[in-house]
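When the chains are written out, they are named A, B, C and D in that same order, and each has its own residue count from 1.
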Amino acid sequence: MSATLEPIPPGILSLADYEAAARQRLDEGAWAYFSAHAGDGLTRRANRAAWDRIGLVPRVLRAVREVRTDATLFGRPLPCPLLVAPMALQRLAHPDGEVGMALAAAAQGAGFVLSSQASTLLETVAAAVRRDDSGRGPLWFQLYFLSDRAATLELVQRAEAARYEALVLTVDAAVRTPRAAEQRAGFKLPAGVGMVNLPASEAASAGSLGALLARAPTWDDVAWLKARTRLPLLLKGVLHPQDAREAARLQVDGLIVSNHGGRTLDSAIATAQALPAMADAVAGALPLLVDGGVVRGTDALKALALGARAVLVGRPLIWALASAGAAGVAHGLRLLRDELAVALAQCGAARLADLDRSLLLADAPPLLGRDI
Amino acid sequence: MSATLEPIPPGILSLADYEAAARQRLDEGAWAYFSAHAGDGLTRRANRAAWDRIGLVPRVLRAVREVRTDATLFGRPLPCPLLVAPMALQRLAHPDGEVGMALAAAAQGAGFVLSSQASTLLETVAAAVRRDDSGRGPLWFQLYFLSDRAATLELVQRAEAARYEALVLTVDAAVRTPRAAEQRAGFKLPAGVGMVNLPASEAASAGSLGALLARAPTWDDVAWLKARTRLPLLLKGVLHPQDAREAARLQVDGLIVSNHGGRTLDSAIATAQALPAMADAVAGALPLLVDGGVVRGTDALKALALGARAVLVGRPLIWALASAGAAGVAHGLRLLRDELAVALAQCGAARLADLDRSLLLADAPPLLGRDI
Amino acid sequence: MSATLEPIPPGILSLADYEAAARQRLDEGAWAYFSAHAGDGLTRRANRAAWDRIGLVPRVLRAVREVRTDATLFGRPLPCPLLVAPMALQRLAHPDGEVGMALAAAAQGAGFVLSSQASTLLETVAAAVRRDDSGRGPLWFQLYFLSDRAATLELVQRAEAARYEALVLTVDAAVRTPRAAEQRAGFKLPAGVGMVNLPASEAASAGSLGALLARAPTWDDVAWLKARTRLPLLLKGVLHPQDAREAARLQVDGLIVSNHGGRTLDSAIATAQALPAMADAVAGALPLLVDGGVVRGTDALKALALGARAVLVGRPLIWALASAGAAGVAHGLRLLRDELAVALAQCGAARLADLDRSLLLADAPPLLGRDI
Amino acid sequence: MSATLEPIPPGILSLADYEAAARQRLDEGAWAYFSAHAGDGLTRRANRAAWDRIGLVPRVLRAVREVRTDATLFGRPLPCPLLVAPMALQRLAHPDGEVGMALAAAAQGAGFVLSSQASTLLETVAAAVRRDDSGRGPLWFQLYFLSDRAATLELVQRAEAARYEALVLTVDAAVRTPRAAEQRAGFKLPAGVGMVNLPASEAASAGSLGALLARAPTWDDVAWLKARTRLPLLLKGVLHPQDAREAARLQVDGLIVSNHGGRTLDSAIATAQALPAMADAVAGALPLLVDGGVVRGTDALKALALGARAVLVGRPLIWALASAGAAGVAHGLRLLRDELAVALAQCGAARLADLDRSLLLADAPPLLGRDI
């Protein structure tokens, strides 16, 4: 990770502004890899549109002089309800890679989820983050099932040993979808960037972009894994209320409502569309998180008001990392967090716990007397 | 204020036409300041779209030979149900500034609400307006809570002494949102234009565009203020029916359904969307006014039919002021008022009191027999 | 009217194709006059969009080898359920003017409604049409109330004497809306084209495009008129079900569901949106006709299936007239009528009476099981 | 059919990519013929949009390591639930024509429906397909009623003799709609391509693009035909639930929910819109198939989840044929089939029978608490 902080590109006023900056900096292959979506991009666009379509009905004249954005999760304080979503191969975006991303998150009180397909050793990331522990957010490890259970378990045990605080099992990528943008750009991993935490065979097949990814786990595998770790276990990529109920029954510790940012099953519903029914299904039995298309403080606020405990942010932080390394990520998260705080005040909510659905209105024509 | 009336720019056939004219006349910074919106402009666009989405179902063959647009409010006649919304720093748009705007409004029988962030002394505006009192609309004073209650009260007492007829407490700007357009234009107040009614310290912090605005008031402050003034007290910036009920309980005298023209909380619902539920909530207990996106006589008519007693107009009048000073504003208000009168006749309503929701239909596919 | 038939411009495959052809032929002022809409054109666009938004659910395997488009109205056979809408000053579009339009309609079995603001004497039009009476559609006269009842009555009596078969009282133009396109084009009536059926004073004020149009009639005037003519009396411009009920109560003979093609009250609902509730309101007590945005045989079919007995077509026939005189109108009506016949066969309807709402579906997402 | 396989054009990553490739290869007339739609193309666009508008709500953690796409239909195994829709004159697209299309389908386990307006003898196609019988999909014959029943029956008997496995009677083309694109391109059949299976007179009138097509059959004709063939009889072009019920009553063997790809009645509802009500109407009494706008594996999956037993694909396969002959079709079907398998896995469905409506959500704003 670079010794001096990079300058923030001029004209970045909100997190979304980093996308254009990154496009100029990344080479075609890396841009294609990070920005690619499955199919026709329906889900990716739906993710964003769904947040925009929810209107806010703010409350006024409440005591909001001191707005706080903290929460707790799994018994641990969460300085702010934001986490970096697990994303593979971040050194492809910038030499700072996962370490830069994780340190920037820590500096802003946001959480960080390391992808099992990271391009940095999980121990290295953990050591860097734990050097300064004050006020940082949680550090989690994301997992795919590997070809055999022994290798999977070994990875889990390394994460435990490195003191990751939760496991995120991603369940929406049973099969890897070929993504047209990557294929057209002829994307190949450059020398020196790879999935360094995986056994060579796994990394090779995961890296060969046409190959199927790993084993598709089942509910039995979830139960098996849960019995073998003392860490909280979250499932990432759940959209169906029936699956949420099943997860609650198996005493899974948390769910991330996600469609993988539109990178797996195209035309999967937007996460903002899925969230209300998911929240109704679990009825508080376990915490929900959500990701997909979040770029504004108001997006995060809507997610929290719909029942999410925290929000993960993916691509926008890759763009910040590509544009200005760790400094960019810290800046991007800061903008988002400030927007959230301002939006809270504007909605009359001094605490996250003050948010609920009565602040929201799905976009719809005004309801008028129709008995003309 | 200029001695001779400026010419109206050619080709202005409706109020909205002033926007393009103003864009040519204003320098980049002033344009950015007046036209800016919060966030991505969702609320600003929603304001306009929501009026357009309401269809009119006119009545015919009613006696409409003499259409009248007058009403009463707080026991005072209102020649026409239009008011100039409170807007800061109008001398930035044109040397005529607040005096020009207020005189033009008076000439058209429209009301005028002076912003507490005006660039003209409140006493000057009041004196100019009261010079010719016949047929003018009401003159109100808009208020933000200042850093201390004594300063706030002093401002209120100056407004009372200058014979403003009501106080408008704006409650939707607890925190000032940074607005990208202003930041990009590097907008700074030019010498000689400032918030002349505020104590120096308040004006400085309000003027420094990055700073938080004032103290965020609570319902207790509202009660405190109401006990200290004999003027009718309206709250501006209320969108939530629960807050409307609370205001009614506290015997507030009126509400302005407003989202600050999309300048504060982006993705707040459109005011036309909020109005029906607000009207249902107060059930006539206190009068509702509304602003946001009104440019056509039919917009105003829809607002009145949805339960508003009068309508405030913001930016479009700034554009008229910038384009042709007081003459432009008078012309713009005249166009709007004439459109309203024509629309009333076309809807079969000879009086404002003839308007109700039975004239409206939210945009929706036709209702057909679906039991195919 | 020209002696030889003009050639049809190349590439006209459906009625809507005439618009582009006319735009090339008409001078700017005439184009502006005919194409103008009120306000922002919301209603005009809504008219078209509303037809498109209704889906057809055709029936198959019915006996449709001989499709017939005839109906009866006021006891008279109607060879095809189409009429030319009343439109002023047709000699502005082409020297053939109202005579050309009326003869072309007669040749296609369509009806013709002469505007009281026609540029040809009503007696001349009637004489031309009655020269060949076989298989033509009905000939009606459209009326606005004039400044005094005596003048109005005189006009009615002339229409009766010339053997017009029904009176159409237009009730949606109480006030003339200024239309921006005309104002911008600086449109003025050319010498030699005028409202030749009106008393000079009426024509002058109606012709001066800024002036208010005539007297606004009331239900009392309708009753007065009905008592003074033996012709069937239709009201044109009714959109509200309450007014439809009132018309039925007064034993008016028919209603034309119309918003004047979006030329009067902008943001009035689309006629296709109004029709179902209108049909429910009159419940067969009197016949409904409809106009606004009809260009395709399927538009007409939808109108009939929603409860209209016949359909009026306005601007598209002006474009046909401007492009190729009477020949263009005959061709345009022929295309429309053929499309209607084909669409009837494709919907499994051999007769107009076979059409009903079970063939229609308002555009809406598919209804799915939502109990996920 | 060409001896060596043609190369696949570069850059084809999904079936839809063939359209642009074909546009470059086909001459204007053939392009116009194949791509043409009726009217304004409303139905054609609606077909595609309706698939996109249905969201998927996938299930996770189910056992999907071996995904299978096979089904059975009329007691016969169906290796994959795809069929080539009947399309006329395929030698106009490529010398491989119907034989190339049919062999490519067989190679991918997809079915093939030969149009009665094919440009290749039905016996030739059948012989080519039956040469290698392993793993191919069904071979069906599509029928229009000809001018007399004897000629119709003769055609049926030829199809039976050639061992076609089902008859598809198309019922949505009672009348041939003129299509503007063909008219503008002045399309004429080139020498050497014709409807070789039809009696000369029929072929001539069907070929003359302005002429009415054949006799419009009725339910009586269906009963007559059913009594005269031992093959399963499907009706193609049914959209109305009432007709579906009638077909079930007459013991028709299957229905193809189709609007002829938007080539007959414009503004007919999208097939994805029609399918749910159709499935409810037949309630499993007979199998439903569907076509129109299917280009993605997820489109097919949605169709199956809505109740279709299999899906027909039209134009996209013409584009593949035009671009690379049989090799293109095989490649295109392979891409579609692979996408379907991947989508099945991603939805947690190991078998087609695992699909139902609980995986679907029509596009709609999120359902929120509205009792604000």
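The working rule: contacts are C-beta pairs under 8 Å (C-beta built on N, C-alpha and C of every residue); 3 or more make two chains touch, one makes a residue touch a chain.
Chain by chain, the UniProt names read as follows: A, B, C, D = Alpha-hydroxy-acid oxidizing protein.
Because the structure is predicted, anything quoted here is derived from the model rather than measured.
Listed here as common contacts of subunit A and subunit C: B, D. Counting the residue numbers that touch the partner chain, subunit C and subunit D have less than half of them in common. In the CA-based superposition of subunit A onto subunit B, the rotation angle is 90 degrees, rounded to steps of 5.
Remark: subunit B and subunit C have CA centroids separated by 41 Å (rounded to whole angstrom).
Of all residues in subunit D, those touching 2 or more other chains are 54, 57, 240, 242, 277, 358, 361, 364, 372, listed in ascending order. Within the complex formed with subunit B, the residues of subunit A that make contact are 11, 13-14, 52, 54-65, 296, 298, 302, 342-343, 345-347, 358-359, 361, 364-372. Across the interface of their complex, subunit D is touched by residues 39-40, 42, 46, 50, 53-54, 57, 171-172, 174-175, 177-178, 180, 183-184, 215-219, 221-222, 235, 237-240, 242-243, 246, 264-270, 272-277, 306, 356-358, 360-364 of subunit A.
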